[in-house]
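One chain, chain A, appears in both complexes that follow, with chain B as partner in the first and chain C in the second.
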Partner chain A sequence: MRKYIEFARVQMQVHAAYSAWFWANTFSVLLRMLVIYFFWKAVYSNRSEIEGMSFDGMITYIIIAMFLQMFVSGVGRELAHTIKDGNVAIELMRPYHLITRLIAMDIGDKVIYFIRGALPLGILAFVFMDVTMPSTWQSGILFLLSALMGIWIGTFFDLLIAILAFWTINLWGLEVMKEAVVSFFSGALVPLILFPDWFQTISLFLPFQAMVYVPVAIYTGILTGTEAWLALGSQLIWAILLFGLLRVLWSVAMKKVTIFGG
Partner chain B sequence: MIRYMKLYYLFCKQNLKVMMEYRMDFLLGVLSVMLQQFAGIFFVKIVFDHIHELNGWTFYEILFIYGIAATGRSIHHIFLITCGHSAGNTYGQESLTAF
Partner chain C sequence: MIEVNNLAKHYKIAKRDPGLRGAVKSLFYRKYETKEAVKGINLHIEAGEMVGYIGANGAGKSTTIKMLTGILTPTSGEVKVNGIIPYENRKQNASHIGAVFGQRTQLFWDIPVRESYELLKHIYEIPQKQYEETLAEFVEVLHLEPLLGIPVRQLSLGQKMRCELAAAFLHRPKVVYLDEPTIGLDVAVKVRIRSFIKQMNSRYGTTVLLTTHDMQDIEEICQRIIIIDDGRVIYDGSIQNIKSQFGDKRVIHFELENSDDFTLPRELANVAQVQPREEEDLHKISITFSSRDLSGAELISIMMNHYTIADLTIADPKIETIVEEIYGKGMTKEVQNEEVH
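The block that comes next holds the complex of A and B.
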């Protein structure tokens, strides 16, 4: 356990070292927030609500979803690259579990990003952009719980895709596909209630809505009461399922590992 | 200058070869890029299902603007990302979040 904590800590230090990158990133997020704000402002210019959502509710949803989406991707790319360039052979011999190490580094990444990126920018959004607090304190707590599960699901899904690199070797295509599917089905762009009904039905059975839509819907009060608990339950099922699937796939992959030299 | 144009051409060719080396993955990637474009348009469609015009712009006008923006980005992608970077590099970063 101790060594994994060290990995997370080192990863945080790595981030602290590159401050230009950090500022560029912050600037781009700020810009995106402004674009989103004015886009939705224009959408709401002639009406007070869409599907029962007021402008405040909508902008809260979109901004919170945008932040959450940054946390639901994982270290899959890293794993895929280790597999592709053959380094995985050495990594597997080292005295730690590769997946656990990657997850530890990922946690380091996310913690530091939360403190330096999401938190200050989030406060900025609260002050200047009509982003509101959760409607009740219960939904606030449920949001935190659900967001953690969403991040868990996103991380494991990402690793799951990356493990496929043991079979396909290159992962460019799969990764682009994952990106497209996740950002769309997860409800990171628009709340899923705006989508056509057939689309909502499909996404109900997919793990993607558990990544972003469910937590943010709880936050903004789209899901309340029993519905919220049901959604949390389905999140839990996905979390366990993905965790189990990753373990199975990993042990299968370990049996058939083919390693190239680059 | 001509020498560099030649070099650029060669690098492009090699890079495309590297990407096509893993045929299945390449096809999947091409498909996914199209999927991303489709998703972007679908996003606009969904917003316009609920409103009729955006600051005086209609759905088709917005689609036109979207198309022009996408064309510019695509030309940049073709000549500077697909050709310039090695395969497997980040690609799917932009596009959807344009709005």
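The block that comes next holds the complex of A and C.
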């Protein structure tokens, strides 16, 4: 366990070292927030609500979803890279589990990003952009729980795609497609209730809405009471399912590597 | 320490017809061909031995090492390293071995060398006191002090390799696999690395398996060499032995007062050869002969009867020339194989 904590710690250090990257990223997030804010201000200029959502509710959803989306992707690129350049073999010679190590490093990254990026920008959004607190403290706690599971699901989905690098030659296309599908189906762009009913029904059975939509919908009060608990339950199922799937695929991949030599 | 019996590894390689048609065809069905990388080898290496494992490119060296580290599962045969079957208990095996691959880095790219070592301390669960002692020792022997604060990606090749070597030995592993640790390095760094390896071996009794194409490495580090060709062990024994077995060839370099119209003396015509002369050194003549046919003294006295000799040196039989000869025989086999495929 200690070694994985060390990996997380070292990653925080590395992350803190890239300050140019950090400022560029912060600036682009700030810009995006402004664009979102004025876009939705314009949309709401002639009406007071859309699908039952007020302006405050909408902007709260969109901004929170934007922040959450930054945490739901994992270290897939890192893993795919290790697989492609053959270094995965060297990793197997070390007394740790590669996936656990990558996740530990990812946690380190995310903690630093939360402290340095998301938190200050979030406070800015609260103060200047009409973003509201959760409706009740219960929904606040449920949101935290749900957001953690959403991040877990996003991370494992990302790693699952990356493992395919063992079998495909070019993973880049698949990764781009994954990004697009995730931002569309997860509800990171707009709340899923704005989409047609049939679309909502489909996404109910996909893992994507569990990444962003469910936690943010709990936060903004779109999902409450039994509905919220049901959504949490489906998140839990996805979290376990993806974890299991990753383990199976990984051991298949390891057989392939150790028998065919990668 | 290392026990290998009848170890074999066959790869299945998808065969593809050339061109676009071949690529499309391969989507629907694939023909596989089997490549036998290692064809039943036996190795028995005692604890504390330093063994050179050499062979031409593609002879099966890397495949063997991968099986010893547990990265590859053998097709058949037995492997045991330190009493553990590596491919079954990979993680357990991993904590007792160290490795350097000349072509790949194992340090962590973005962080300073010292942090890398700190991380390794936790990965291998090295006790703090032992870690400090070992690191202090390595820093001294490999002159790492000025490098510790620099991120790995900014190091030169020679600096990186020194750090890499320290990383491989840091947890005092029982066995260390070195795969071309001196590739692309200058002589000074090579010398330092060789003496470090020898020192580790004498102090901690580390077993070392070294693959390299640099015969100087082998001659200075190893007492024993194993030569592998085409997946089979073709020689296993001491360096002394291989020299006496194959090394009856001798070379004597003469420097003559006047060598413009040099011809080999008649007495030597059947027993010695003149090596092709290098252009910049017209006065030097190198004559090769077999110690079975005549002694060095005889050759020199014959030469002295015919020419005025300014200077001469008798070269020790180089392991390099011997191995070259052995590879040469193997090479023809490889060519034949390729035609069959």
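The criterion applied here is as follows: the second predicted complex is superposed on the first by the 256 of 262 C-alpha atoms of A that agree within 3 Å, B and C clash if a C-alpha of one lies under 4 Å from a C-alpha of the other, contacts with A are read in each partner's own complex, and residues count from 1 in each chain.
As a working rule, a contact is a pair of C-beta atoms (placed from the backbone, for glycine too) under 8 Å apart; a residue touches a chain by one contact, two chains touch by 3 or more.
This is a predicted model, so every value here is computed, not measured.
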Chain B and chain C placed together on chain A: clash or fit? fit
Of the two partners chain B and chain C, more of chain A gets touched by chain B
Message = For A:Val14 in the superposed arrangement: first (chain B), second (chain C), both or neither?
response = second
Tell me which partner A:Met93 touches in the superposition: chain B (first), chain C (second), both or neither. second
Inset, instruction - Determine, under the contact definition given at the top, whether A:Leu230 touches first (chain B), second (chain C), both, or neither. - result: neither
Rounded in steps of 10, the angle in degrees at the Cα centre of chain A between chain B and chain C is 80
Report task. Would you sort A:Leu189 into first (chain B), second (chain C), both or neither based on which partner it touches? Result -> first
**Message:** Let me test your reading of the model: by the given contact rule, A:Lys84 touches which partner, first (chain B), second (chain C), both or neither?
**Reply:** first
So in the superposed three-chain picture, is A:Glu179 touching just chain B, just chain C, both, or none of them (first/second/both/neither)?
first
Overlaying both structures gives a minimum C-alpha distance between chain B and chain C, in Å, of 9
Chain B and chain C footprints on chain A meet at residues none
The chain B residues in contact with chain A across the complex are 19, 21-22, 24-33, 35-36, 39, 42-43, 46-47, 49-51, 53-55, 87-93, 96-97, 99
Given the complex, residues on chain A that touch chain B span 32, 35-36, 39, 42-43, 45-47, 50-51, 77, 80-81, 84, 168-177, 179-181, 183-184, 189-190, 194-196
Interface with chain C, chain A side, in the complex: residues 2-3, 6-7, 10, 13-14, 17, 86-87, 89-90, 92-97, 257-261
Residue positions on chain C within touch of chain A in the complex are 11-12, 63, 66, 69-73, 87, 90-92, 94-95, 97, 99, 101, 104, 106, 108, 110-111, 115, 118-119, 122-125
